[in-house]
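Chain naming follows the written order as A, B and C, and within any one chain the residues start at number 1.
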Amino acid sequence: MAGTKVSSRKLITTVLIYTALGIAMVWALLPIIWMVLSSLKTEANMFSMPPKFTFKPTFSTYAFMFTEGNFGGFLKNSMIAAFSSTAIALILGTLGGYALARGNYRRGKDIAFWIISTRMTPVAAAIVPLYIIFAKFHLIGTTFGLVFAYTTFNLPFALWMMMTFFAELPPDMEHAAMVDGATKFQAFYRIALPQVTPGLVATGILCLMFAWNDFAFASVFTSHENQTIPVAASLLVSQTGIAWGQAMATGTVIITPMLITGLAVRKYLVRGLSMGAVK
Amino acid sequence: MPQPQPKGAPSAGGRLARFFTTENMMLAPAMLVLASVSIFPFLYLIYASLMDFSLAIDNPTFAGFRNWLRLVKDPLIFQSWKVTIVYAVTGLGLELILGVGIALLLYAAPWGRNLFVTLWMLPIFVAPVVAGLLGWFLLNSSYGLYAWVLQQFGVHTDIFGTVATALPAVILIDVWEWTPLITLIVLSGLQSLPTEPLEAAEVDGATYWQKLRYIILPLSFRIIVVALLIRSMDIMRFIDTIFITTAGGPADSTKIIGLRLFDVAFRFMDIGFAAAIGLSMLVVTIFLGKAFIRVMYGRE
Amino acid sequence: MKKKLFAILSCLVILTLVLAGCGGEKAKDTAKEPAAQGKLVDGPFKKVEGLPAIQAPEGFDWKQFAGVELNVISENTPPSSAIAANIKEFEEATGIKVNIQQMDLGTLVQKVGLDFGAGSSKYHVIYADPYQVLAKYSSKFVDLNELEKDPTLPKIPGGLEDFIQSQLEIDGYMGSKDKLYALPYDCPTMVLAYRTDVMAKIKENFLKEKGFDPTPNPNMTWEQYYQVAEYINKHAAELGVKYGTGHQAKQYDSLMCDFSNILNAYGADYFENRDLGGIGAANPGKTALTTPEAIQAFEFYNKLLKIAHPGSKSWDWNGLAEAFAAGEVAMAPEWHEFASMFENPEKSKVAGKVAWTTLPKGPKRSANIFGGTGIGINANASEKEKKAAWLFLVWATSPQTQLMILESPVGGATPSRNSVYNVASVKKAMEDPTSEEAKKMPNLTSMKATLEAWKAENAYGRPKVPQWPQIDTIVFTELSKMLAGQQDPKTTAESISKQVDALTGN
């Protein structure tokens, strides 16, 4: 008797859990599904009221974007900027994060907070001084300049995350390696680093996301040649109307590479973040 | 506050050797880059906040503390802070509740966790500019899917054109995009919880709510604060979605301080005043961050 | 510790100052070739019957600036898309490389401001919005009179007289006519779009009931417009539209534009000084928004928006155009360049059912706000770049290029040149909206009304003062509060006056 009661209760709980998750998925995914569907519609179908759920898909918007619209180029620019700034942030952030975690700095916590606080400057306020520096060094409109600008928010983030990951790693194994004759750097490279790989991946994904999604910096620091996708998306709003078909297609294009990357490292992502901060 | 540890005075040579430690060498490149991208901008902002750029943008004149006084006196700034508080507190609150809630659901789900996580995190990869466009597209009263659904229920209000609905709408767009980030971080925390206390509680016949209240939440407290800290840093900085959907209106009801800063800096090119606003926002964020960190380590 | 910190800080400050001091290389003026005086020869460009050709002094070497790279920064408007699509003609004739960068106006203002602020010349040719760029930064632009007078350089084809004069005043000058900063480039103007099919349906009954023809025409008043809109609202279901009138009343620049039409039609203006709409002034003087006429205008606008499509309060000009194209509203004050969108069956359900006229009259007149812009040259550019930029300006604003823009499938903006409107095909398209020519140049369906709107008695230019971006913001924010029901029209007028006077120090 008691057994069936428990199992029926369990069943109800399970049903409730999946119902709630189902609602959450609809909330999260419906806009994206609608975006993808709309990108496959003709303009006339897109604006029909009531909305059309069945229609003959057309890829003409994509064809236009990748031939005349130069979206392939924008996609490439976005990738170069996002991936290189992420690489820089990860390399410097991992080295620095390890040093901060193991270095016994007297005001370690204050340094750590200063690092993360450099990421708090409002974007609009940060742009003016950065523009002055960039103009001096002729970096406006260059991809290098954009990567540099992205480093301003990705490096502190990576440093801080990596510091947390290393800090929760017990140092015993590194000590043992050093007793066996390894240098401090070898201990870091051979022992500590492999253990935080999941954290490194997770940090990388989030850095990638921050750079990938950026509009404010890219709109100021790029020129037509090295424009990124969010900037190209903003250009679809012009003085004579919004190119909705292209806007929806841009949205689809913008999530695809990130979706692939996300899928590829999904397991690391969930595991990786779990290492941070929870000591 | 960490106390400086007293150390013996080293000799000159020792000091040099101490400076070139492996740690310092590893830290140096990051610190150099960070210093170069943050110290000049910071000093420049302080300098600019004391200058008046309104007459000649490339030849500012000294303004004393006028910009800072305007910051206190300008009722529009005050108004924007009010909107910001509502926007940030409601947005962060919803993201926290929903984010943690979904994380707990996923944690409790017997199967399909990875699939759900993957789908659930998709919105964070939609760039905020596109999220704004998408929000507008869905809520537009002439052709929006959501507007149409609302109209079926007899709601014909123009969402972005009405004071009562514009702010909730932009908050919901933010919640849509960023709740998954909170979920992701919190879920990873949940997954690394030690299993012993939970098993012990199970043996003692604890209900789920008891386990949640006394074991799960206290143990994942710190990761939740980390998630909140990351989000709270960005919620004031980023204005892309509001910029595209309502541009601050109607009747200033969605003009958060970041948007006001953008106006002052780049529409009015009043760089001095913008610097003062920017610095004040920085101070607020730093205090907020400090508070979060104190809460986080307060439980040690 | 503190001392050390101080030392580091001062080092940094010094470093910064040093960095700020150096840089800014001077470009050398290269070989000025002797030019023959007097005689002008046609340049290597396409010629069009009936339009003045692009000419240069005899012996002028069109390729002398070959290799120069020009950055052109422009709002993403139809003419710039058309120019970008046809830039080969200019590049091949001159050897100059042109990078056209298009963006929304807000980003443009931001980039140009930052560039001027940093004292650099990242952009050589600048889309000089009269209110947000020119009024503020006129000293940063080259005086084009000097280039026009230079005997070694090409001349403006057809001379300055061929530009529409009121536009030349707004786009080109600031404060006085001593210096010319920009040449007219595009010319959107607000006129009234309405649905002919809806008007035909209601005409008979409306005439019986109200005693006047509901079809918008140059003599209709705003009060009559209100009645027509109200009538259509009542019969919306049977007419197949949702509302009589739609507006661009989002808390944004568009709201100020929409309101200005009515303000000025009622005989009021923003400032006591009524001459700010043309060449502009550095200080506008006192506001004049609390006069009885102005208050009347505020009251009417508030009343009108109460019966307008509720979406109006979230629409800028794009939102309004989409709603009009979707067939939601029967009448809308809108920029005339949207005509091509309305006539495009792919984007519009109302193609072939749209007609245009000047905006209704107030007690004083019909006022149609002008929103055109000129292009100018950055004064920080090198001498060589300036001259190359001049070549570009001459070409881009020439009648031939303006005609090309009009005909371009990616562009379709209307010309800022008198002579183009005398070309036979253009005339025909304006006269006969069903002709082949009109189908090729759909923008011209609104052009007859627009040419009317450009006449002095109907044209309205908003005040051109350096503080305009702030004033604009105050105006549209307070208006938005009024439309949201948070304050009455009188309070709104007073609040705007108070804030604007405080801003300008009057």
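In this text, contacts are C-beta pairs under 8 Å (C-beta built on N, C-alpha and C of every residue); 3 or more make two chains touch, one makes a residue touch a chain.
The shown structure was predicted, so the numbers you read here are calculated from the model rather than taken from an experiment.
Colleague: Which chains are shared contacts of chain A and chain B?
Modeller: Output, common partners of chain A and chain B: C.
Colleague: Hey, which pair has more contacts between C-betas, B-C or A-C?
Modeller: When the contacts at B-C and A-C are counted, B-C has more.
Colleague: Using mean C-alpha positions as chain centres, tell me how far chain A is from chain B in Å, no decimals.
Modeller: Spacing between the chain centres: roughly 15 Å.
Colleague: Just the number, please: Cα centre separation of chain B and chain C in whole Å.
Modeller: Taking the average C-alpha coordinate of chain B and of chain C, the gap between them is 38 Å.
Colleague: Between chain A and chain C, what is the gap in Å from one C-alpha centre to the other?
Modeller: So the centroids are 39 Å from each other.
Colleague: Touching at least two other chains at once: which residues of chain B meet that condition?
Modeller: In chain B, residues 40, 44, 142-143, 266, 271 touch at least two other chains, as defined above.
Colleague: Indicate the residues of chain C shared as contacts by at least two other chains.
Modeller: 110, 114, 117-119, 322, 326
Colleague: Scan chain A for residues touching two or more other chains and write them down.
Modeller: In chain A, the residues touching two or more other chains are 47, 49, 127-128, 132, 234, 237, 242.
Colleague: Which residues of chain A touch chain B once you look at their complex with the stated criterion?
Modeller: Interface residues on the chain A side: 13-14, 17-18, 20-21, 24-25, 27-29, 31-32, 34-35, 38, 46-51, 88, 92-93, 95-96, 98-100, 102-103, 105-110, 113, 115-130, 132-133, 148, 151-152, 155-156, 159, 183-185, 188, 202, 209, 212-216, 229-230, 233-234, 236-237, 242, 244, 247-248, 250-251, 254-255, 258-259, 262-263, 266-267, 269-279.
Colleague: Within their complex, state which residues of chain B touch chain A.
Modeller: 2, 4-5, 7, 21-24, 26-27, 29-31, 33-34, 37-38, 40-42, 44-45, 48, 98, 102, 105-106, 108-110, 114, 116-130, 133-135, 137-138, 142-143, 145, 148, 176, 180, 184-185, 187-192, 219-220, 222-223, 226, 233, 236-240, 244, 258, 261-262, 265-266, 271, 274-275, 277-279, 281-282, 285-286, 289-290, 293, 296
Colleague: Hey, which residues of chain B end up touching chain C in the complex?
Modeller: 39-40, 43-44, 53, 57-58, 140-143, 156-163, 166, 246-253, 263, 266-269, 271
Colleague: For chain C, which residues count as touching chain A in their complex?
Modeller: 19-20, 23, 71, 75-78, 99-105, 107, 110-111, 114-115, 117-120, 122, 188, 317-318, 321-322, 326, 335, 337-338, 340-341, 346-347
Colleague: Could you pull out which chain C residues touch chain B in their complex?
Modeller: These residues of chain C touch chain B: 9, 12-13, 16, 106, 109-110, 113-114, 116-119, 132, 136-137, 249-252, 310-316, 319, 322-323, 326, 328, 469-470, 473, 477, 480-481, 483-484, 486.
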